[in-house]
Amino acid sequence: MIFGIVNIILIGTTPLVFAAIGELVVEKSGVLNLGLEGMMLVGAVSAFVTLVVTDSYLAALIVSLISGLVMSGLFAFLVLYLMANQVATGLALTIFGIGISSMIGKNYVGTPIDGLSPYFLIITSFLVVIFIGYFFKKTKLGLIVKAVGESHNSAHSLGFNVIKIRFISILFGGAMSALAGFYFSICYAPMWQEGMIAGRGWIALALVVFATWKPERILLGAYIFGGVAIMQMNLQAFGVKFPGQFFNMMPYLVTILVLVIISGNKLRIKLSAPACLTIPFNKNQ
Amino acid sequence: MIKLVPRGSSSQSMFILAPIFAIFLTLLTGSIIFFLMGYNPSNALKIFFISPISNAYGLSELLVKATPLALIAMGLSFCFKNNIYNIGAEGQLTMGAIFGGGVGIYFYDVSSILILPGMIIAGALGGALWAMIPAFLKTKFNTNEILTSLMLAYIALLILDYLVVGPWRDPDGFNFPKTRPFGESGRMPILFQGLRIHFGLIITLILIAFSWFIYSKTIFGFQLKVSGFSPKAARFAGFNKNFLIFSAFAISGAFAGLAGVGEVSGPIGLIYRDISPNYGFTAIIVCFLGRLHPLGIIFASLVIALTYLGAEDAQLFLQIPAAVGFVFQGLVLFFLLGSDLLVNFKLRLKN
Amino acid sequence: MKKNTLPIIIILAVLLGAGGFFISNQNNVEDTASEQKKIGFIYIGPPGDHGWTYMHDQGRQTMEAELGDSITTTYIENVPENADAVRAIRKLAESGHDLIFTTSFNYMDQTLEVAKDFPDIKFEHATGFKRADNVATYNSRFYEGRTIIGHIAGKMTKTNTIGYIASFPIPEVIRGINSFYLAASKVNPDIKIKVIWAYTWYDPAKEADAANTLINQGADIIVQHTDTFAPCQAAEKAGVLAFGQASNQEQFCPNAHMTAIEDVWGPYYAERAKALVDGSWASQDTWAGMKEGHVVMSDYNTKILPADLIAEAKAMEAGIIDGTLHSFAGPIYNQEGELVVPEGSVADDGMLAGMMFYVQGIEDQVPQ
């Protein structure tokens, strides 16, 4: 039965892993994208509709990834080129994503599809996390991305194209969020319903912080976050009487705690959060 | 090629025109989207923007929706002007509803003119206290307030859930997740017979005027503005940064809390889980759209409230999902953020 | 300051003027004062849920087909169970509808509020209990269907553990659990029910998780009182059995779906529409079940169920219809051991409507 619980947790947390690892890369490059929820929804609906129309999982995957690139590309254009406020733009992206996904999916609510087995993507999520960990630790490009996030002015003086690096990071984040959405509507709960991501995008954001921007910890955090909800149900079914809401609060409380711990210590925060997070880069300054 | 050239100083006319421009572009894009989805654009726009407010009840509903948005946005402007990102207004609204509504539930069978003011004060207090948490964490531990306030919003919603499903559940309510209704004394007075617009509107307008007063006439307001523009200058001038942070959060929390208690004591009359359709987050858009300025916020709150109402009408008459309102909200913010650039930069054609 | 306020004032003035212009040209959807009656529906979810709302929509379409040109219908879907519902109901009232159905319990107060302002319009509230001169209530005896599936579950389970995904601990859901258990334990005294309260009618991912959790804890049959087909899909994937909810959900889980309790609203809606058209509509409370055809069992899955069990189930249906079998026939004890329904009699509608206790034998507690 333990294996069963682990299985359920793995299945349920994989979308979090994808979205979070994508956002981690974005934030490492110095940009905060609050639009995860919107991008995941758009990824989910485009995957679903494509599958219904073409009956091809591959087409659904491609269209879903493209939708993620488009959404995040829009965000990137606004915050990198038009230097729009990142917080507001990310929020706008989420709100827009909720709306447009509902409109696109309207005629497909309740259409039955053959779900794909989640295990392909669960393994993929592991691989992506491992790769990103390696990327930041051992590759030159990874170092550059980190530099851009820590001090974009210095990176610029060294000749690195800050805007381009951030742009690509944002696109990667968009693709990952879309993949999370694909997984959601094709593997996890094979259906489309309005707003089905139900707030997991925000949890993914918290997850990045919880993991102190280290890829390996994304997996740990995801299982804790996702596991809490599942454990709450298990306890209920076992007959344990405990208000589930307090259980569900744990991840958020713990995230705040983590934030406080790493921020309070000036040295620690240097090693964790990208220093230039949310600060727009202006060549002319 | 087109180059961006910084202006000498912010263009005042662009400052005001940009939101108008953004709205216009939104309408245009919305028409295109409607057209692509097979609807007649001008008909769809009419249903969306005009039919909801074409009678007195509709106008009243517009105000019912715009009131909490304007109130929260006004409070948020204290934070945003100071480059403090209070994303957790939804949580502060919820705590305000819990504190204020809690008073209403406790005194549900008492008839007294003191109850409503008591609820209002409790609501403001609840929101302010909840907002002080990220303020405290920021000043003491340098913790990023975006994430702490956001996490606290979710925690607040879970607390509401727990109360409404558990200890505060209406004993006569057949176990449905809602509290008992407040007594008559715990309800916001209705302003006009037959319409739902209530006293919360008056409170909001008073507080907006009050905010304008603080900004333009008090030293505190001046300090807020300066430290938003240039933290260095503020430091040199000796402004107490921590005090400003606490105050900004406390004010925005109190305003959001008031909006929360206004919702539960106004149109709703009790507490259940779904008291706010994301007002706390939407108010951020209203705040930006309104340029953090009282008049702008009033205007923006009406526009955004209209997108909510329009979405409902679109659903009824055209079978477009209500989420189309979100599409418009997102679009208007995109266009505004994009055209914001033109306030400080000029477009110039260079060879 | 002066330079800035002037443009603002001009813009506001223009907008106010435009607003006034538009208001004076009232652009409401035209209310064709013709013989044709308009009937509106407020749905809590989308017709695409293939569950609760789907069946109401099917009922609406049946009604339309039967009454033809004498009526037109509209609906608003995804109306939240909060203050915004007032506006939605009101919109229907203001746009020329003569009869409005609100299809969820939590629209109760909102329906009454709007009904007060529109005394000439008729309202019907599903599963509620508050009425007015122009507000009727209607409900179905879904619990009768629970008796049938309880009997089937009692015989089909191998692990003697039933996974029950419930929404809210309200009388209707508790009634369903009791009815199910009474029938199941009659043929299988060792049976156990594990309940997970989802506190939502409608959250596919959560429902799937709940189903998987229950399966993981040994349940080999999944029963639900939530609105989507996610649980039966989860059951299918895990290779266990399930019952459909509110509509025939076999297409989503062909190897797991044994049968389903179908809410059939068409006959009721058609009857009320006719009453509206011929002027005989009056406020009343309707609580009908299998006898009237409001609750119907889906086709029994011959691939899974043995022929003799299907025959038993059909016989039970007949029994409920002709009154020889009742879902809550005495003796029934509550969890404290008190006799609440004596032998030889049946639970009356009052007890059923307010049922907040579990019957004896259920190990869990009703959440307080």
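Letters A, B and C mark the chains in the order given here, with residues in each chain numbered from 1 onward.
What we mean here is this: a residue touches a chain if its C-beta (ideal position, glycine included) is under 8 Å from a C-beta of that chain, and two chains touch if they have at least 3 such contacts.
All values reported here derive from a predicted model rather than from experimental measurement.
Student: Looking at B-C and A-B, which one has the bigger number of contacting C-beta pairs?
Tutor: So, comparing the two chain pairs, more contacts are at A-B.
Student: Starting from the Cα centroid of chain B, hunt down the chain whose centroid lies farthest away.
Tutor: It is C.
Student: For chain B and chain C, what's the span in angstrom between their mean Cα positions?
Tutor: One centre to the other, that is 35 Å.
Student: Give, as an integer number of Å, the spacing between the C-alpha centres of chain B and chain A.
Tutor: Roughly 26 Å separates the two chain centres.
Student: Spell out, as numbers or ranges, the residues of chain B touching 2 or more other chains.
Tutor: Residues 161, 165-166, 321-322 of chain B each touch two or more of the other chains.
Student: Would you mind listing the residues of chain C that make contact with two or more other chains?
Tutor: Residues 78.
Student: If a residue has to touch 2 or more other chains to count, which residues of chain A qualify?
Tutor: In chain A, the residues touching two or more other chains are 194.
Student: Within the complex, which stretch of chain C touches chain B?
Tutor: 1, 3-4, 7-8, 11-12, 15, 19, 22-23, 26-29, 74, 76-78, 80-84, 86-88, 90-92, 94-95, 105-106, 117, 168-171, 199, 354, 356, 366-368
Student: Residue numbers of chain C touching chain A in their complex, please.
Tutor: 46-50, 54, 78, 163, 194-197, 202-206, 208-210, 212-218, 228-230, 233, 237, 251-252, 363-365
Student: Please give the residue numbers of chain A that touch chain B in the complex, ascending.
Tutor: Per the stated touch rule, the residues are 32, 34, 38, 74, 78, 82-85, 87-89, 91-103, 106, 194-195, 199, 202, 205-206, 209, 243, 245-246, 248-249, 252-253, 255-256, 259-260, 263-264, 266, 269, 273, 277-278, 284.
Student: How about chain B: which of its residues touch chain A in the complex?
Tutor: 6, 33, 37, 85, 87, 137, 140-144, 146-148, 150-152, 154-155, 158-159, 161-162, 165-166, 281-282, 284-285, 288, 320-331, 333-334, 337-338, 340-341
Student: With touch defined as at the start, can you tell me which chain A residues reach chain C in the complex?
Tutor: Residue positions touching the partner: 1, 4-5, 7-8, 11-12, 108-112, 115, 184, 188-191, 193-194, 196, 198, 229-230, 233-234, 236-239, 241.
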